[in-house]
Every structure is written in structure tokens, then in C-alpha cells.
């Protein structure tokens, strides 16, 4: 690891996206129903997301925010309706889309016994990231310091969240799906997260964020939708928060 | 990424986790040695012990393997890493082969330690003509066990009651390995006057077993872990 | 074929138990299966059953 | 299946009391019942004692048919699982056939193991012997109990179907491996215990009655079980429509 002890001077260079192939719209859902354990978590959701958007999903607990993100990542089967993500029809195959999607769920997906660097290297390697790109991802989330060689099991919740975000950055995905990404992060971490997401969108990624922190995420978002009862409703910008 | 590169990546990751956590060395190995000592208590007869030593080595391997498989998939499910691997579009075939490779390395270490335990505790003689057969047996049997362990471990990993489901599914399937590896090891060690030439047909069975479950697991793993 | 090692009168209990186990097992399973079918039948009207 | 309809019952009552019955299954069930009565009459009373085995030969008339059926059931499960996995024929019906057949197969295999060891106790003097056929049967029994456990793991119908079909095919793979490894392990296995040509006409006829009766019984049980499973899936699916409506209403309120 060449950058292990050094900091990257300009963090703004660090968010890179693998753009091939370019597809519009990035996400298109029509009447999508998804079922978990017999319960319809999505009850006929319609949604279109375009490239470069930062979309905020809001709504009460159990509205279907997490499920919508998991469906877009190809984790939930489409029971009814049509879901097309990055040009792939999810009813046909839920696997093809996955190489281009990065997801941060409630859990971090980290290996507790491995160090921060090990984790980021592993997740970066799943998309063939170079050493430089991995170092940049660590630096982007402020982890290119003494934390880099600490096992994840010894980190605080906020530091783990940062590590998971660094893994996500290293994946250079086209579609970023984040479930409550601000939860557990300290103030500096939140600022870095927001900056990272803006950079990603500017670089051509599409970002979908489910969040309870409406003020924070609302300032970040370019568009807001409201979920309720497994359905999606458009919220006009500048409308009631 | 090709299947093979995923496999190497996943295997290296699993072995690094073991190198950092030492769960197998500090917990599974002592457990398997304890099993060997308990066999001696239960059988309570030196001649019998020497005679049944090959079977006991493989039986202890199977029991320890249950723990090993649970551990290999607990690592993946503890913080949602298996989900993340699925989202990341990591090829399931590569994931299967990688986890099986890491499992095989850990199993071989375990088996060698158990063989030494048999030499020390059960007065087993190793050496001479049977050594080639012995090494071949270990390689072939371990490969088959690693494939079956990964296959059923992956299936059970997302399930409620996985601790009880795994032995129910896995132990009947590995019975041919237990029989084949035991006979081949007996032949290699000359237990009961067996000669190495009697062991080679069993190697055929072990190789066939490993090939069938290796191929089947590579094809089916993606479906089995898709929760 | 190995000859029987018991007299005929000693053999009868084994035979009877076999028949009882078989018929009892089949009967018990059938009874439980049909009870379950009856319960589900209340929720699925005849016109929805593909076989009617 | 055989009880006549009570005179004051409307036809609808009959349908509700036996929702998985059709004219065909009633005829089938009736034939199976007649067959079983015949089997008991021939097996226990009309057929003669064997010259060497004595009375215990009567065990054969139920043991052999149940073992035959158990294997038939698992072959059906294997074929139905392949039918599901093969894309052109993919249908949940295959999956339900596989499940119904495996369940009935486990029942008959349990019966075959019990009657077999009782028979063995009489003829060989021991309940169990490490014969390859016997051992394979025992392993198959455990394996299919595991298969039924996998069917209950949850998830959507198609997830259940895919997972269990794969496990069923691995179980099919396991049968020859276990069989041959046990055979090589203990080469001196028991002689074939039936059908070595010494059976008298009436004995053969009793065995024949047993096989026919049990096969009819198997088909009857699988049909009923299949329909029960189908109703279960229908109930689950309809639950979805109700739940969907409720779920959408919850969205409108908020």
C-alpha cells in the first residue's frame, strides 16, 4: 500500500465512476410489487430516476424505503410490475445489474477481524480497483491515517460507517444506494459524506438516499420523493419538508 | 472479474481473517484434539484404538468441520457481508470455489494435526510404502469435504436454525468420504495388515465425489445463497 | 436363504407389529393430510381449485 | 373416499369436507382400500407359510412394496425437480409434485425400515445388518428429511422451488455414491432375500397384491397432498392481494 501513511493532498480527485455503459433513465419502476415473508413491502411503486440525480427517499418507518433500495440493487425479487435498472430488466435477471451498483445498507458488510485497509482493498478488488484508487477511497473518507491498520472490530460505530463508505467509494459504482448513511456518523463524517455524494453525482453517478434526517439530506438532494404504504409520491421541491 | 480471480480473492480474504483472528487455531484445533482424547476414554483399549485410529481421525475431522463451516459463514453473515457480496455482483461460482479453497487449507492443517495426535495417542505408525497413498487420500478427501461443507454451509447460512440444519444436511452426504478416506488411510498405514494397493480404488471414489460436488456446487451456489 | 431361527408362534408378533405399524403410519398420515386439506378448503372456494 | 354421503347433506357439504377429492381420486382411493384389505387377507390368512422362513415371510408383502414405493417416490421427486429447474417446463406444479412425493416417500421409507428390521430380526436374528441396500435406504431417509426441512426455509414460492430442487438433485447424486461405498466397504452383503424363485404361486400373488395396492395408495396420497400444497400456495398468494390493498391504503392516509 503506497499511500498508507501519507495523506492525499486533494481529496476532490478521488471519486471516480465506471461509466460504461451509459443508460437513461437509470432507474425505471412501473407498478412494482415486492414481497418479503408474505408481506408486500412495495405495493405498486412507480419511479423514474435520471443520471446525475441525488434523490432523497423519505417517509415513515416501514414505508418501503429500504426495500426500494434493495430492489434496485437486485436483492429483492420483483413479484409484479416492471423494474429496469441501468437497462437491465430485473424480472429477467437480478444479477447482471449488480456489478454497477454500490449499496450501503443498515449493516456495513465489513469483516470485523480485518483492518480498515484490508476491507477497502477487498471490496475495491471486487471491481478491480487499483492500489491508487483504494488509497484515494481511504483518503476520501479520512481514513488514511492511523486508523487504516486498525481491525474493524476495534472501531467506533462512526468509524465503521466511514470504512463502509470508503468501500463504497472504492467500488466506483454508477448507481449509489444509501440507506440512512448519516446515521452514526460524526459531524465531520457527515460533511465528508455529503461532499462525496455531490462529487459522485457530478462525475456522472446517480445517487438514491433513504434518510430520516430531512434537513440534512434535503439540502443534499436534487429531488425528493415520499414513500408510504409501499407506494412512491413525488414531492415538489420547496414544498413542505 | 473471472471466476478464478474472485476465487483467489475470496480465499485470500478468508485465510487472512483466520490469520488475524486465529479462531481455528485457538478454538477448533483444541476441540478436535479433545475429541481424539475422548475417543480414547470411550474405547479404553490400546489395541482397539490403534486398529480404529484411521476412522477416528476422519470422524474427528467431520465433527471439527461442522464447527469450521459454521465459522466460515458466520464471518459472512455477521455484518451483512454475504448480502454485500451479492450486491457487488461477485460471481457465486468464484465465491464458492474461494470459500472451498480456504476451507480446504484449514481442513488439511486440522487433519495433519489429528494424524499426529493419532501417532502420539493411539500408537499409529506412519511411513514407508504407504506415504504416497496417504498424501493422496488427504488431498482427495479434503477437496470433497471442502466442497460439500461450502455448499451446505452456504445454503444454511441464511436460514433460521442453521446450527441444527447444517449437520442434518451435511453428514449423510459426506458418509462416502468417511468410508473411502478411512479405508484408504488404513491401507496406507497398514492397519490390520492392509496393503497400500487396497487403498487406490478408494481414491477413485474420493476423486469422483470431489469432482461431482465441485461441479455441482460451482453451478448451484448462486441459487442456494440467494436469500 | 438363511433359515428362520424362531418357531412360527414366536414369529407372529413381529409380523403383526409390522402390519400395525404400516397401516397405522399410513392411516395417521392420511388423516392429518385430509384434516389439513379440510382446513385449507374453507379458505379456497371450489371455483379456485384447478382440479374441480 | 369411501363413506357414503349422508342423505341430508347437500353436494356442497361434500366438496367442503373433502376439498381435495375428485371422482378420480375417490375411485382411486376406493381401489387402494380394496387392495389393502385384500393384502391383509392374503398376506395374513390365505397365503401359506414359507418352508424356510415360516410365518415371517408375511412381512415381505408389506416390506417389499413400501421399499419399492419409497424409491419410486424419490425418483418422482428427482424427475419433478429437474422438470422445475429446466427452463422450458418451469412451473410451481413440478415443485409441489416433488414436495408431495418426497413427503409420502419419507413415510414409506420409514415403514420399510421398521418392517425390514422386524423381518431381519426373525430371519437373520438381528434387527440391522450393514448391507448396502439397507444402509443406503437409511441414508436416503435422513437425506429426504433434510430435504423437507429445506422446503420449509421460507422465501417466495420460486425461491423455495429452486432451492429444494437443487437439494433434491444432490440427493439423487448421493444415492449411488453411498450405495457403492457401503458395498465396497462390506463386500459380504446379505443375499437377495426375496424373489429367488422359491415363492409359491399364492405368495407371489400376495406380493403382487401388495405392490398394486401400495402403488394405488401412493398415487392417491400424492394427489391429495399435491392439492393441499396447491391450496396452501393459493392461500398465500391471495393473502398477498389482501395485504396489497391494506398496504396501499396505509400509503394514502399518510
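Each chain gets a letter, A, B, C and D, in the order it is written, and its residues are counted from 1.
Note that contacts are C-beta pairs under 8 Å (C-beta built on N, C-alpha and C of every residue); 3 or more make two chains touch, one makes a residue touch a chain.
What you see is a predicted model, and the numbers here were worked out from it, not measured in a lab.
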Study note, to complete from the structure: By Cα-centroid distance to the whole-protein Cα centroid, the innermost chain is B
Check your understanding: Given the two chain pairs A-B and C-D, which is bridged by the higher number of C-beta pairs in contact?
Key -> C-D
Review point. So what's the Cα centroid distance for subunit B and subunit C, whole Å?
Key: 40
Practice item. Mind checking the centre-to-centre distance between subunit A and subunit B? Centres are C-alpha means, answer in whole Å. Key: 38
**Study point:** Centre distance in Å when subunit C and subunit D are each reduced to the mean of their C-alpha atoms
**Key:** 11
Study note, to complete from the structure: Note: subunit D sits from subunit B at a C-alpha centroid distance in Å of 33
Check your understanding: In their shared complex, at which residues does subunit B touch subunit D?
Key -> 151, 155, 159-160, 165, 168-169, 172-173, 175-176, 179-180, 183, 201-202, 205, 208-209, 212-213, 216, 220, 223-224, 226-227
**Study point:** Partner subunit A, residues of subunit D touching it in the complex
**Key:** 154, 156, 158-159, 236, 239-240, 243-244, 247-254
Revision key, fill the gap. Note: in the complex, subunit D contacts subunit C through residues 15-20, 22, 36, 40, 43-44, 49, 52-56, 58-59, 62-63, 66, 104, 107, 110-111, 114-115, 118-119, 121-125, 191, 193, 196, 198, 217, 221, 224-225, 227-228, 230-232, 234-235, 238
Exercise for review: State the interface residues of subunit A toward subunit D in the complex, per the touch definition above.
Suggested key: 33, 35, 37-40, 43-44, 59-60, 63, 77, 79, 227-231, 233
Review point. Across the complex, what residues on subunit D touch subunit B?
Key: 139, 142-143, 145-146, 149-150, 153-155, 159, 162-163, 166-167, 169-170, 173-174, 177-178, 180-182, 184-185
